[in-house]
Each structure stands twice: as C-alpha cells, then as structure tokens.
Amino acid sequence: MGGAPTDLKLIDERGLRLDGRRPDEMRPLKIEAGVLNKADGSAFVEWGMNKVMAAVYGPRECHPRHLQNTERALVQCHYNMASFSVEDRKRPGPDRRSHEISKILSEALTHVVFTEYFPRTSIDVYIEVLQANAGTRCAGLTAASVALADAGVPMRDLVASVAAGKVANTMVLDLGKEEDNFGQADIPVGYVPRTDEVVLLQMDGDLTREEFDKGLHMAVGACKKVYEVQRDALKRRYSSRAEGQEEGA
Amino acid sequence: MSKDVVADLKRDYITRLLAKGMRSDGRQFDEMRPLKVETNYIGSAQGSALVHLGDTTVVVGVKLILGAPFPDTPNTGVLTTNAELIPMASETFESGPPDQTSIEVARVVDRGIREGHAVDLEKLCLEPGKQVWIMFVDVHVLDYDGNLFDAASIGANAAFKTAMVPNKAAGLGEDVPLPVKHQPISITVVKIDGKLLVDPTHDEERVADARLTVATIETGNLCAMQKGLDGAFTLDEVLKVVETSSRIGAEIRSRL
Amino acid sequence: MNTFSALKRDKGKCTAGHEANLCDLGLVPSVFIENMRVRQMGSNDSKEAAREIVVPGELLAISSKRAGPGTFSEGGKIYAAHLGIKSVRPDSISVVPLSGQYMPMRGDLVVGKIIGVGSSNWLVDINSPYPSPLHVNEVPWRVEFGETRKFMSVGDIVLLKIVGVDEIKRVSVSMQDHGLRKLTGGMVVELSPSKVPRVIGKNGSMIQTMKTMTGCRIYVGQNGRIWIDGELDNMVLAVKAIKMIEDEAHNLGLTEKVKRFLEENKVEGA
C-alpha cells in the first residue's frame, strides 16, 4: 500500500475505477471444474486477469508421517506462483508470502471439510497462480473449494472468497493490481454462504471502523455471487453425466 | 494410495500388446498423441504457450529482463531454462527443490534451444559487456502423462514464435518480435522389449528400458541428443531413432 | 449440532462370481457413500425423472425423511455432504457420488496388491487412503512365523474381502472365503470407485454381458480395481468396454451401446 503516482486516477470524476468499474463491481469471473486428468479433483479460475489452477489429491496417506492426526484428515494447501505469473519474474519455489497464504488457506478449508471421516490421512490442495493481477489468494481459495468438491471430498459447504479495499478514500470491491499497489487498504475475505461464517480474514492499510464494516459487508455480499459461479461450474461439469449414473442400465 | 502401485501390472500387458504390434492407447509405434498448442496464453509473460500433448499439459513462459551478460560472452544475451514438475501434475512429483528429473528436463530442453540457436542471442545484446536481455524460459507442468521433453520443446518454440521483446517498458523504443533464428524440435523415443515407440505415455516410460531424445532444426541437422534410463540401444536403433525423430520433428514444425 | 443417520445395509448381489452378503453394519455416518445400495434401493425410480446435481452444503429438503448416505442434517434440514446426484426415496434422501476415494466397507470385495511383507502378515494396498494388513490367520494356508514370503510377495495381486473397519478406519481384510485368492497373470484396470456400479450393471447385467462376449475372467472390486484375464485380444476388448463405461457413465442406454460395441468387435472363437 503506498501513495499513487500523482497522475494515476484510481477513481475518476464519475466515480469509476481505472478499468471502468463501479466501486461495488467485481471483475469478470469464470470457473471450470474437472480440468486436469491426474488430480482427483481440479478447477481453473479466470478472474479479471488472474489465471489460477487448483488441484486436489486425497484423502490419501498422510505425508509427512509425523503430521498425521489419528482422529481427522489434515488439509494441506500449497499455494505457489509460477515464475512467469508476475511482471518481474519470480524465482521458482515458495517464499515467505506463499507459506503464509498456504497456511491461512489450509485453515479456511479445514473448517468446512468433514475431516473427521478420514482419520490419519492428508487432503492435499495445490494452488498454482499462472497469471497474477491482485486477489490471487481469493481466487485460489475459490478454486480450491471447487476442486475439493470435484474430488468428491465431503464438505459442509463451499468457501467463496473475494477482497474488498479502500482506494482514493472510497471502499471498493475486488481490487485490481494498481489498486492493490497504490490503494489504502486491502481486506481479503473467505466466507461460507450457508452458515454465514468467515473462515479467512486479513486486513492491511488504514481504515476506520465504519469503513471496515462497509468493506466486510461488501465482500460478503460478493462472496454470495462467487458461490453461484462455483456451484454452476460443478453442475455444468457433471450435468450431461447426471442422466444414467443412478440407474444400472 | 499411490496409483503407481498398478504400474508393474501394466508392464506385462504392454509388452504382450507390443508383441502383437499394438500400443495400449491404439497408436502406431511412430505416432505422436494429439497435440494442441495455444500461444500468448500468459499475459504477464513476453511469450508463452499452453501445450496439450495427449494427457500431458505444460505451460511454457518466456520472460525477458535487462541485466549484465556473462563475462565470457559479453556480446550475447543470456538464456536460462527451468522446469517445475509440481506435485499438482502427478502423484509421482514431490514438493521441494528440483530433483534430478526436473533438472534433466530443463537442461535437455535448454540444450535443444541453445545449440539449435532458436533465438539469436547476439541480437539481444544492447551494450556489449554491460547490458543485455536475459531470457528466462520457464516450463510449468500442470498434468503429467509422459514425455515432458517434447511437450516443453514444442511449447518453447511456439512461445518464441509469438514473443515480443519488451523495449517499451524498458524505455528502449517499440516492442519488437523476439529474434527467432531456428526451430529446434525434440522428439523422444523409448525402447520396450526391443520395440521403439515415439512419444511415450507415463505408463510406457515406467516400463521402458531406454529412452532417446533427439532435437533437430529445419535444415535436418541435429543439435542435441540425450539418452536416458539404464537400458541400452544398438547402433542401428540409434540411427533409426534419429531418422524417425527428424521426420516427425519436421511434421510438428510445419504445424507450429 | 449435526446428526448422522444409520446406514442400514440390504442384502445385495455383487456379481463377478461372488455372492457378497452385506449385513447390517450398525451406526455409520451417512457421509459414507455406498453406491450399490443406493442404486439398488432406487431401482424402481422412473428413468425419466430429472437428475439433479447437488453440491456440498446444498439444501435438499426440510423434511422428516431420513438423511441417507451422502447427506447430513442440521437444524431439521437435510443437506448434501458431497457433490453428486440427489436421490429421493419414500422415506429417505441421499446423494449418489460422482467421484471420490474408495472408503472400505465391511463385506466389500476388493482387488488388492501386496506392498509389504511382515513376519506374520502382509500389507495390502486396496486403492484407499488406508493400506490394510492381511494377517496369516486370514489366509487359506498354514503359514509359519517368518514364512510369509513363501506364499505371497510384494507385487502380488489378490482378491480379498473387507471383514472390518474400526472407528479410526483401520481396515482388516481376509482371503478366507469362497473364491478369494491370489490372482496370477491378467491385468488390472483402475477407474473411479463411483463408477463401479455401472460396470456391474443392474443385477449384474453389464458385467455378465462383458464376460460372455469376451470370454474373459473378470473380477470387479468395489475399490475401483478390475482384474481381467483371457486371450489378449479379448482382454483389449474388455479394457475398451470398461473405458467406454467410464467415459459415458452418464448416458442412458449405455448397456445397449456396450453390448453393440462388443458384438461388433467380437474376437472369433471368444
């Protein structure tokens, strides 16, 4: 978060953002489920200029062994950015930011997965950012939920995720790259629509309590829309397959 | 449980089929799997390609940044190739620093590109000894069913063809196409029970005795080769593979 | 507060040459997917009824019906626990899975592979997150301590029955039943366990057709592994038929299509 170059108008006279969006508008979101052959479940998310792939293996034997839990499955999320995903090429491999994101995503998903039915196993979730344009952890969590469902992992609900933020003293939804770089606050939120629960929440920047309240509600409202896209992706993936599955003939 | 467990069972089945002249996916011995290439797939890269070779899917990204040349080659740009065999792509890939397999893939693909002079590195020199373009070729495997060498080689060529040098962002004028010189394409063949098979699937790789990757350029000349696995080829087999790889390489090249 | 319903098992026929008597298991969380039973219970369903795909957490009903397999109930409402097809019965609602790992259940016939040998047991991979020990007391031979390797070694393929699964999912298997044994030769095909019912077919019709038309010996494990042996060309045919079922499990009239495919490609002398 920093001051914008003086000629950069994050919000113009008509109240529109750099890419022409209104403050409460999300970037275009597309989700496809079941896109990889080898993984047990997968999902590909295109969100604005973000391209994020999620893949799930498991439940399977837990590695490393010493992390095994005798009573439940471990949900292990591995978030990674490809070298070519960002403007300045990133060295391959996880950095501290990736580790932190992996941790909070694992925690968010653990809340909804019926981990108690798979003791001593691990459910491995891999998230690869192929192209980044701010909001990759939200796109990753959104993709991961769909991939878990695609893999047949039982869950209490899907987790939808989007970030709100403050830009040019205005609360906005779904920050783009410049808004993330030059805005005043960023609030990624992970939400469970059915139970109205927040499972991921971070914030950095400068906000009054009222601004945060507004941002949180904006994000939650948008998560409900994200959920519709997630559900639609799963139904489309299997819709043509529904017909005869139940019958033996 | 690891799906690798069933691999050994397939060995018998695969070799019995080969004895009858058949491959388990119905292909001819010298047939490549369906190939689909989409270029300019990654906006944040200067060049890129998404490659589907059968069930193997890789993304190749090309990024150029300004930097200093190597002291022993002050007049040429720098080329460096990396391959990420991420766990998402296969249960047989583990997290962590690149293992021998990832490194071999990167180096063999690099050798083909470098020795085949795919990109005119001299044209990437801006100020001899001081400033050149450093070209990163990053191979990211998303779905693995064998033959990363060829998928990556094809992807790199497709990415180079449509890549742009980012002069504008560097304040050096207009963007221009990457100076492509040749198109080195590698084609890989494995030997199973004395039979030579082109473009192996993961199952075929697992039961193969030996593997030979041959990269050729459009003139028909060879620029890189790599033999792998712990079996052996006879001299005749080597020459046969060279002939097949050149022929199929040319076919693939004409489609890019 | 979640409540889970008991999974009552019906007696059912599992073809592949065996009659698997599925006994009542007692209380098991309904999240446990049991394809065949759900399907058999629904064999009276109208084929024309629309198949509704549901996602995890989706509301299925506000009803006094029993929350069947693949669902969970909360506050008097029944929700889908995983992705699948909503299945409504007179007295219960369940979700038939479209994907998912094989979760071992007592009574299941499975095709396993030996992955370890101990002094008084073998370790078996049953294509599940839970590898299973096969104790010397559970095989038809008399095995002296330390002599296990003489009977079976790593890599051997075996036909077993699941005899027990405890609360932390430790699985015990046995080879002591009619027809269970070490399998030699042949080839194993793996597919998603959720597709196994399609390979077996209604009352075993699909698997019977395949065996007759290809002349192959075929054992279908509930764990998504199918062992096939026969003349090579017939094996190739059987593998293709299974692939067709896997790819088109969603289509109605699949049995007819597979039958026609096998007819047209029948190998002489099969």
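By written order: A, B and C. Residues from 1 in each chain.
Please note the rule applied: a residue touches a chain if its C-beta (ideal position, glycine included) is under 8 Å from a C-beta of that chain, and two chains touch if they have at least 3 such contacts.
Note that the coordinates shown come from a computational prediction; the quantities given were computed from them, not determined experimentally.
The set of chains in contact with chain B as well as chain C comprises A.
Here the two chains linked by the largest count of contacting C-beta pairs are A-C.
Taking the mean of each chain's C-alpha atoms, the chain whose centre lies closest to the overall C-alpha mean is A. For this pair, chain B with chain C, the centres built from the Cα atoms lie 40 Å apart.
Once the centre of each chain is set as its mean CA position, chain A and chain B turn out to be 32 Å apart. Chain geometry summary: the mean Cα position of chain A and that of chain C are 34 Å apart.
Contacts with at least two other chains are made by residues 60-61 of chain A.
Chain contacts: chain B has residues 1 touching two or more partner chains. Of all residues in chain C, those that touch two or more other chains are 129, 131. Of all the residues in chain C, the ones that touch chain A in their complex are 29, 31-33, 38-39, 42-43, 45, 47, 51-53, 55-59, 70, 72, 79, 81-85, 87, 96-101, 103, 129-131, 168-169, 194, 197-198, 200-203, 205-206, 249-255.
Residues 1, 42-45, 48, 55, 57, 59, 61-63, 65, 82, 84, 86-91, 95, 97-98, 136, 138, 140, 142-145 of chain B touch chain A in their complex. For chain B in complex with chain C, the residues that touch the partner chain are 1-3, 5-6, 8-10, 12-13, 16-17, 20, 22, 24. Contacts from chain A toward chain B in the complex involve residues 36-39, 49, 51, 53, 55, 57, 60-61, 78, 80, 82-89, 92-93, 124, 126, 128, 130-133.
On the chain C side of its complex with chain B, the touching residues are 113, 115, 125-129, 131, 155, 157, 185, 187-188, 190, 225, 232-233, 235-236, 239.
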